[in-house]
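The following pair of complexes shares a single chain, subunit A, combined with subunit B in the former and subunit C in the latter.
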Partner chain A sequence: MSVTALVKKNTYIDSVSLMSISTKANAIAGVSQAFVAMGTEKNKEVLKSVGLLAPELEAATNGDLMIVVDAEAGVAPEELVPAIEELLVRKAPAGGAADVTYRTITTAAQANDGANLAVIAVNGAYAAREARKALENGLHVMLFSDNVPVEDEVALKALAHEKGLLMMGPDCGTAIINNVGLCFANAVRPGTIGVVAASGTGSQEVSVRIHALGAGISQLIGTGGRDLSEQVGGVMMIDGIRALAADPGTEAIVLVSKPPAPSVEKKVLAEIATAGKPVVVYFIGGSEAAVAAAGGHFAASSQDAALQAVRLAGDPEASVPGLDVARADAARAGFAPEQRYVRGLFCGGTLCDESMFALLDAGEDVWSNIQKDPAFVLAAGSPSKGHTFLDFGDDEFTNGRPHPMIDPSLRLARLVEEAKDPSVAAVVMDFVLGFGAHEDPVGVTIPAITEAKKIAADAGRHLEIVGYVLGTDRDTPNAAAQIAALESVGVTVTRSSTETGQYARAIVRKGHNA
Partner chain B sequence: MATQLRAPVCRALSLDARLASALDKAPMTGPVHSVFRRVLNVLAADRLVALSSEGLDDAPWSVRTDVADWRRLGVEVGAVVVLDSGHIAVEGAPGIALDLRHCQKWHATVSSAAAVATDLLARRTAALEGLLDARGVPGGVVPPRADASPIEAELGRRLRAGCERLTQAVRANDDGAASLAARSLLGLGPGLTPAGDDFMVGLALVAAVPGSRLVAVGRAIRAVLDACPDHTTLVSRATLEEAVAGRARESLLGILNRVFAAPHGDDARFAEHLRTPVDRVLSIGHTSGTDILSGLVAGLRLENELRGSM
Partner chain C sequence: MSITELFGSELNVINVGLTMFEEDLEAQGTKVTTLDWTPPGGGDPTVIAALDALEAPDVAARIEAANAEAVERIITAQPMLVGFGRALDVVPGMTPTTILHAGPPITWERMSGPMKGAVLGAIVFEGLAADLAEAEKVAASGQITFSPCHEHDCVGSMAGVTSASMYMHIVRNETHGNVAFTNLSEQLAKILRMGANDESVLTRLYWMRDVLGPMLKEALEIGGPVDLRLLLAQALHMGDEAHNRNIAGTVLLLQALAPSLIQTSFTTEQKKEVFEFIACSDYFSGPTWMATAKAALDAAHGIEGSTIVTTMARNGVEFGIRVSGFPGNHWFTGPAQKVVGPMFAGYKPEDSGLDIGDSAITETYGFGGFAMAAAPAIVALVGGTVEEAVSYTKEMAEITTAENPNVTIPSLGFQGLPTGIDVRKVIGTGILPIINTAIAHKDAGIGMIGAGITHPPAEAFAKAIVALADKLA
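And then the complex of A and B:
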């Protein structure tokens, strides 16, 4: 046995890196065994018991790092030390190649021959420059960043179009490309339905409903929220439709957007006539006649969009259950006379929009930070009044803080505030699962739900809390576990974004039109 | 003199309520002790205060921030950090100015052991053990792979022997034997939080649950920490001291609180509810998460046994 050792004073290396270093040290040619460990008394006892406690280790203390090398016969151990010290200097990233850091997009593209897509999430002030570099290097782009000037968006999309690349974003939160979920996407089954969406949570909802109906997604192309505005002109949605039309793995196409600019809607609808595949159009508040005239299939809701797509893609028997009217009646019967209003606290903009539209459709006045009617716009910091539906993912709430799908703190505080208002009958919330979302959105909300219910109960009121979990059985955590956790604290759980709006409408109305 | 202003590059998200309370009483100042990707440790007022990244749990004496990688902020070990009730500032790093005034306070709360009957506790412990068996990492207190080196094999043998001795001593309510066993585990294992310590963290947390029968555990670990303060690393000693007081990172407390929650749902659903916090704990360090959960499972089994013997 030929042993050498060294001690690095006051050296702290996290245990994952330490294990990585140890493994690599043991793999160095000429090393019989190597041990890298903190210099505690007990570790020194172990070394002593196997005959490896070199004299220089005696003085090591609990804050020092010990490196012990037992060389193979014929190899001088001191010759091995530099290679091990090099490992310490490099401290290789724990995750291996997946964690390699590049300083620029260009070097990353050059170092990875097969790479063809860049996900960019930097400050909006620098995002356009990085996206341009990616496009110039032949990469499709998913631009997660927001606050990118619209002029930059127009220029980037023109460049991408010219190069035959996808320019998803800016402000694009969800995409599924070749079965790989990006950013906030959910884990859904691969399939034959392609989605092009100008709405992040809207596209998540449609993909999750398609999965729940037993079908799957071929590609989900995000366009960014402004794509269907007058200035941008729907460039990405049109390119997306063409890409899916040419994709042999796609049999039916779904388009999802908040209300588009009329002139852009016209251009997009003109495109579907030449797609050569059935196209379902779900533009919130859109015109059924215009879609039908263009040869598309109009969807009145996200659930309807998913259902029609699944039927068109080969399962004509697909169906969804209707609203449980008796459950809504029972909830309404428990309200005190002054409990007249619903408060919606949403992470997802499209989910908020869909539920809000359900009430507006029923003739109710709704205040919101995303209201189109200026008379009913409620600023982010303002107290609620009447029916109030808030999108916590809107810029006003996210300025300087993470999206509520990651940081739920503002929404939790608002839930407790709403519970104190005696005019509130119900609070409606969404819980969005997915790769980039909070790891346990229900768990982190349960203490606030419990507190809110207690506040109402102490005041002699029943507060109905309605929750919708946007997620699948493949997400982590999975939707069933999150639903069970909500039900365990008395939350009424709905089965889709569409049903959430229907339920909210039903519990504040005397009759039902659901 | 003109003040050089620079916009902060990071934000405080939440902090331990006990740390907030200590800072309300008196500011702290101390050097940066160590810098890792997800944690920057400060040695202030004789204790480690952790500035952690967003992806980590709330934890004792910790401030959670939106920093993704502390190593990229250029903070040197030894740089002076000033903490007061409203702010944290790092000397030589004007971009690191954490505003504590509006961030959420985190409270380490643990349920009572009284709400769960023996048979239910046994089933829940089995569910946790099932997850640990399926997802745990070998090499700490879990037997190492067949190709382990002689050092790893010896380390593993000592770890398992120490764990077994400690559980037997607790079962027998033998303080002397428990202290000896705890001493054999303290500082045993290569990492920054040695595997022997990690096992004791899990055990100590069960012992700290109000109503627990494992009173010998807390006494033994406290005695050994007092007698041999230098036998383990500073980070690990601080973690153990907090665990004995029933304080640990949120995901660990989340598991305990689920185990000791009032009965609801069936066993399959219970395992589903455990999966997320278990995965989170298992992601701690290399084998640390597995070793802590092994201690937790051992503690829960002992708790059930000792209930039956009373």
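And then the complex of A and C:
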């Protein structure tokens, strides 16, 4: 007989559990006889009667746990102790895990091994902290929240870069990872074109145009609107390009942003040379020469970006129809002489930008809450003047209220206001479909459209309302149904963000047809 | 996982803030876990800054080490009932004119109705005044030293009023050597600790001083120490949570004491009175478990850098906590809260006094409200279903540091008690500790009118985290 005995001082296990543990201990290979029990007089007597009361057990008390192992011939009993101690560790808790709710990212991540990405949409004052927690727990982050201090963004992106994680945002509204749309995204076909975008609606537009051309998206990485600023330095866009360059599922890359800070643009373009894949660069209003010099493919518009990417990813025959000039001419002919201005009321910042640039390119003055020229900046609360293009998704409008893609009330009121202004020829609006968006953006706007048209008609004017539906046949509701609803109330529907700008320009500038 | 690995994996999302994103992700067949999220620290920027400061890696590492030590002490503490004795003889700092009370420090003028009632009764009991009217003058005269039980190694149930001649449990933590004290259960509803103070209350107190206390003292001398943690663990397996349900614990304690009680030098009639007194209320062992918890938690107090809560106590006006990293008597306080729960016939919620008593020491250790899952018989206190009781215990795991393997809950797969409340986790999750407790009438002289659950005020934890950040970061 080869016996080992030990006392775990001050360790209590109830007698019923101990019976079960002893049973299991006796089933361990190599165990001749095992005894796990509290150090009560009664138990010690039992041990004594079977000749197992080793001297070290004499001192055990009621509160001490005794382990005694008699090993089979040729087995050292000490080697069996760890397996018995293993039995003392409690098993998984009873009850289903389905009803568990977690209060913090840390507890949720610890309980869910497979978790790999956090979508964070909390008040900006608390957002950086939550994002940091997610990164510290090894999660990739999509940070939807805006109004996050830029210093926090810099710190978060440095941490993510160090850990090799995505830090999409803050103020990142759109991403498509592994064909799953996150936050505001459209249902597009899986494909081989990867997108890195500092602009949410810009990337939605590019992805939807790519889908319309019959191609699809591999990954769409959002960076947040400030990523290409001097302070942030394009950390996420550069990491995004590298990730897509390494991704075997990606054949061509599209970059989407408002014009970056010059030093950052240089760094980002430098990545093109080493990407090993064609890179299309759509920096709204950016320089063709710099992109070409870096070996990239310059895109002059969102439509152009999609088209070039589709051609580079294997469909050289892809094409898009040109502007319907006759339709623009007909609209222009219906305006009274004082109807000279376009008012753009947008949910999507990049859509607003692109249409505004179409007019600026033609030499028009445009007032806007997102104007870069301080002389033409219009505060969110101010009335329109001349050509006015408003991005209702900008921080100034959204601070303390939902994004206009969810809550359209501000934009609806503004539409009715614009209809009262006799200098207005046309109102241009976007309708963004997809995940995260309003369930029926056209339907909720139709009463205001009807009212606006009536106000103008009662004053003897034709008010041209131009609508662009950003969406696909896979979105809910689908784009065709929304377009039909707009056309039923006399809205002129355009086929892309790019065409929307072209059309707005054409109806106020004779001769500027494309 | 790297970005490349992410591209090759199934997306598995933790969603924070907007539930509509959860619906969109589920519609796309993606696994998503949405948090029940609230801003940390109630959204107070000062509190969040303090929490952030304590989460800096070097600071956090020091705290983790200190907390591991604190929790280890709570878990390994072995409180033994070693005797009974008069407060004047055994409690540190006790004098004939000292009256200890529950909760953080408070002056006579600011005391709640039930505490004033108990103090007046104690003054008469001690012979410091002839009647309650004179006691009122004595209480206000400055002759009485009022001091928190907790500052004298004691805990006191409800008003916690403890005076020199009262008999105390003497509980020694064999592992760490410290000793804790608490007085004896008065059993019924109309009792001193609940603010009652009429002749029937005083008569019982005299009998406890002259018969019950001395008999228990002698019994312990005959029978020797009783391992209280062992009994506590068994009581939880028998359906007690050892704060509001004590039926199993009382039977176990009696089982341990009975052989010695019958050997004492008292008359058979007196022994019969004692057995009847013990049998008349399940609460007999309630104070015993409080002293058990106190003996363990005092051993964990005063560890440099620790954010573990070692005391939660209420005086009926304020709720105070003490934190291990602040040695001695550094109280962080906020207003005492209402207690919500079933009430005795004839009483209404507006009759309730605010949360009072040192009994939250049980939750501080990890039983009481924290162990609701062990006590399905009293789920009426927390809303009525066993699932709710289980969820309370699971929730407490989110604000604690470890499981106590020595005291377990069978229905949760023998999960150990959620142990070591971490101020950082309370602030970070917005989950406040849950406390099971009795309800005393708001006026002096009436007594217990119900039982239920309550929480500490968030302010106490907010103050503690700011102080911890000042000290540690």
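FYI, the second predicted complex is superposed on the first by the 412 of 514 C-alpha atoms of A that agree within 3 Å, B and C clash if a C-alpha of one lies under 4 Å from a C-alpha of the other, contacts with A are read in each partner's own complex, and residues count from 1 in each chain.
Keep this in mind: a contact is a pair of C-beta atoms (placed from the backbone, for glycine too) under 8 Å apart; a residue touches a chain by one contact, two chains touch by 3 or more.
Here the structure is a predicted model, which is why all the values come from computation and not from measurement.
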**OP:** In the overlay, answer first, second, both or neither for which of subunit B and subunit C A:Tyr12 touches.
**Re:** both
Original post:
Which of the two, subunit B or subunit C, is in touch with more residues of subunit A?
Top reply: C
**OP:** Report for A:Glu439: first if it touches subunit B alone, second if subunit C alone, otherwise both or neither.
**Re:** first
Original post:
Touch check for A:Leu182: first (subunit B), second (subunit C), both, or neither?
Top reply: second
Original post:
Which holds for A:Ala134: it touches subunit B only (first), subunit C only (second), both, or neither?
Top reply: second
Subject >> Touching partner for A:Ser145 - first (subunit B), second (subunit C), both, neither >> reply: second
Original post:
Is A:Val46 contacted by the first partner subunit B, the second partner subunit C, both or neither?
Top reply: first
Original post:
Which holds for A:Leu117: it touches subunit B only (first), subunit C only (second), both, or neither?
Top reply: second
Subject >> Partner chain in contact with A:Gly63 - subunit B first, subunit C second, else both or neither >> reply: both
**OP:** Could you tell me if A:Ala37 is touching subunit B, subunit C, both of them or neither one (first, second, both, neither)?
**Re:** first
Subject >> Overlap of subunit C and subunit B interfaces on subunit A (superposed complexes) >> reply: 10, 12, 14, 61-63
Original post:
What residues of subunit A sit close enough to touch subunit C in their complex?
Top reply: 10-12, 14, 17, 61-63, 90-95, 99-105, 107-109, 112, 114-123, 125-126, 129-130, 134, 138-140, 144-145, 164-166, 177-178, 180-183, 219, 239, 243, 246-247, 249, 435-436
Original post:
Can you list the subunit A residues touching subunit B in their complex?
Top reply: 10, 12-16, 18-19, 22, 26, 33, 35-38, 40-43, 46-47, 49-50, 52, 61-63, 68, 400-402, 406-407, 409, 439-440, 443, 476-478, 480-481, 484-485, 488
Original post:
What residues on subunit B touch subunit A, complex-wise?
Top reply: 11, 13-14, 33-34, 36-37, 54, 66, 77, 104, 139, 149-151, 154-155, 158, 184-194, 196, 228, 230-235, 254, 264-265, 269, 272-273, 275-277, 279-280, 285-288
Subject >> Parts of subunit C lying in touch with subunit A, wherever the complex brings them together >> reply: 1-4, 6-7, 9-18, 20-21, 24-25, 27-28, 30-31, 33, 35-40, 43, 45, 48, 52, 76, 78, 175, 227, 229-230, 233-234, 237, 387, 390-391, 394, 398, 405-408, 410-416, 428-431
